[in-house]
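The data blocks that follow each hold one structure.
Each of the next two complexes has subunit A plus one more chain, namely subunit B in the first and subunit C in the second.
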Partner chain A sequence: MDADRYHLALTELLMQLADDDLVVATRAGEWLGLAPHLEEDVAFSSIAQDEMGHAATYFTLLATIHGGDRDDLAHLRPALARRNSVMLERPNGRGTYRDTPHFDWAYALARHFFYDTLEMARLDRLVQSAHRPLAEAAAKIRREERYHNQHHSMWLRDIARSGPDVGRRVELALDRAAADAVDLASAGPMAAEMETFGLLPDASHLTDDWRARVAQALDPLGWALPPLRGTLNGRHGEHTQDLTQLLQDLGEVYRSSPGASW
Partner chain B sequence: MTTDDSGSLADRTPPPDAGELAVYEVFAQTSERGTVEWQASLLAGSPAMALMLARENFLRRREIFDLWVVPRDAIARAKGADDFFRLPKTYREVSDYQYLVGKWRQYHQQAMTPDTMA
Partner chain C sequence: MAALDHVMDPEMPGVSIVALGMVHTVAVDRERVRITLLPPFVGCPALDVMRARAVSAVSQATGLEPDEIVVEYSAAVPWTSDRVAPSCHRALRSRGIAPPPRVTEEVMTEMPPVACPWCGSVDTEAEGVFGPTACRSIYYCRACRNPFEAMKPV
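== the complex of A and B ==
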């Protein structure tokens, strides 16, 4: 029985990791050509590429445990089978990438700051994971993730020095990101098993750890973590129409030719 | 890349116009004994941000030993200030001393004649 629970908990964990990165990478990639200035455009796209690389790593691990093809797992699972946080699937702002994008840079920063802070808290645990392939992957990913974290913290710090108008916009953005973040720092319904089996050590303190890290970064800038809200829980497979649309766009080419070798 | 601090010093030193974008010149050193060479220019809001953008834009696929960013305004330049570099100073060129080769040859030959050797 324990073996079944172990297998199930590991599958859930890998799905959370893989789905989070796939979705965040897609949203970050939609800034290509739209970031505030050229240098940042390149930097942010490169971060998006890193995140997609991390997703590929997690989907490879998931395919080994769950069975099936890595690309199928990424592209063909319906929205209700996804485990990503709802905050990550939200669009970058008004409009769409192809049709008059009026994206919100402050919101993108707030969301990525929240997510990357979670990633660091999670990776610090995963490097000790009882599932050795996951621990090894986490060590490699953490090296890159440190730079992502620096990127977002730096932006927030620079923006914090830019006057009250900008400050208010960031506050609004943090609030909007928090409005869908109730599930973000949660390890889902199998968190207890993840901790017991050592798959995600100290899973029970993940949320507190995340909150502490967020506060540590925001406090000196005069901002606070707004109350986390949200009626849907992505870790339970509850999602918005935004995710359905995202998956449809992302997998469009893949589904156009089933069985093709990419 | 060996730098892992994103500029701890840079973090403590806000630019004159905090929050404003400024042009930074990027320099890299490929090895400990290598020269520091100019790479590119970029726009950034702070020195720390300039270091980060320099890494992501210009040095992603290269191993480097050290990375510098300098606000362009901090660079004093000579261009247009004087014509020092255009002054005709041929006596500072090696070519100006070519005639010495002939002279030396001439003196060596003189030194070798039986008369002078006696």
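== the complex of A and C ==
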């Protein structure tokens, strides 16, 4: 019985980690060629590449626990089987990357800032995970994530000095990101088991820890964390049509010939 | 191990996976060679190329069939830029890449100046954390007015 619960909790946790990174990497990748300036284009696509690598690592771990092939797990699971936060699946703005992208950079920044902050809070716990392969992966990934965190903090710091108009746009962007973020810092329905089994130590304080870290970064810049909202909970498999579309686009080539070697 | 010295990073020609400190263990059991590598960056797109090159280099050096050589990536020990061999620093500089400074808390948060690989001046500044590959950032040298790349301390 306990072994079953352990297995289920570990599967849920790995799905949250893998799905979060897969979706955030895909949205970040859509900015390629569209970021505000060339250096940022390089930086943002590096970040997307890192996140996709992290997703691949988590999917590999998931495949050993859950069974199946890691690429199938990434591409073929339907939206209702996904555990990513709803905030991450939202589009970057109006239009698509293929057709008149009117993307919103302030929103992309706000979303990444929220997510990077969560990743650090989560990784600080995962390096102590009872599932050793996960703890080892987390130790490696955390070293890379520091640079993402720094990058987005630097952006926020620079923007905060850019006058009231820009500041107002960031405020709106933080609010829009928060509108789908009620599930972001949650470890989902099996959080208690994740904590009991030591898979995600101190899972019960993850949300508070995230809030504290966000506040610590925003306070000195004169911003506050807007109220978190959202009627859907991605950790329960509840998602928007945006995720269905994203998965359809992302997996289009893969589904055309499953099992092919690229 | 000597064969692996000839396996070059495709994104840094002339710099081998041994010099980069990527080789964790080499074990021989009966007729099989098992090599464990540490990925410098988890999402590095060159990992598969380096794996294939390692298999073919060992196969050529030993006469073993490629399927008798297992090359795996592991996170058992996190790769850090401190693993880059000092002897590799000159090779990096000659390619216009500043070697990574020793990892400290300060180095990772502040991105302090590193010596310019072209003129040696330390009158340099970080332009961006992210460069042309995951493991490199971009700097500018005020002394010789050249941009250059630097391996990230990780």
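Everything that follows uses one rule, which is that the second predicted complex is superposed on the first by the 262 of 262 C-alpha atoms of A that agree within 3 Å, B and C clash if a C-alpha of one lies under 4 Å from a C-alpha of the other, contacts with A are read in each partner's own complex, and residues count from 1 in each chain.
Throughout what follows, a contact is a pair of C-beta atoms (placed from the backbone, for glycine too) under 8 Å apart; a residue touches a chain by one contact, two chains touch by 3 or more.
Just so it is clear, the model here is predicted, and its values are computed rather than measured.
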(request) Check subunit A with both subunit B and subunit C modelled on it and let me know: fit or clash. (result) clash
(request) Once the structures are superposed on A, label A:H151 by its partner contacts, choosing first (subunit B), second (subunit C), both or neither. (result) both
(request) With the two complexes superposed on chain A, say which partner A:I141 touches: subunit B (first), subunit C (second), both, or neither. (result) second
(request) Once the structures are superposed on A, label A:R98 by its partner contacts, choosing first (subunit B), second (subunit C), both or neither. (result) neither
(request) Examine A:H37 and indicate which partner it touches, taking first as subunit B and second as subunit C; both and neither are also allowed. (result) first
(message) Tell me the contact category for A:S46 with respect to subunit B and subunit C: first, second, both or neither.
(response) both
(message) After the superposition on A, what does A:R161 contact: first (subunit B), second (subunit C), both or neither?
(response) first
(request) After superposing on chain A, check 23-31, 41-49 or 113-121 and name the one in subunit C that bumps into subunit B. (result) 113-121
(message) Give me the intersection of subunit A's contacts with subunit B and its contacts with subunit C, in residue numbers.
(response) 39, 42-43, 46-47, 146-147, 150-151
(request) Provide the residue numbers of subunit A that touch subunit C in the complex, in ascending order. (result) 39, 42-43, 46-47, 49-54, 56-57, 133, 136-137, 139-141, 143-144, 146-147, 150-151
(request) Mind listing the subunit B positions that touch subunit A in their complex? (result) 4, 6, 14, 18-19, 21, 42-46, 48-49, 52-53, 55-57, 60
(message) With touch defined as at the start, can you tell me which subunit C residues reach subunit A in the complex?
(response) 39, 41-45, 75-76, 78-80, 108-109, 127-132, 134, 138, 152, 154
(message) Quick check on the complex: what are the subunit A residues that touch subunit B?
(response) 37-40, 42-43, 46-47, 146-147, 150-151, 154-155, 157-159, 161-163, 166
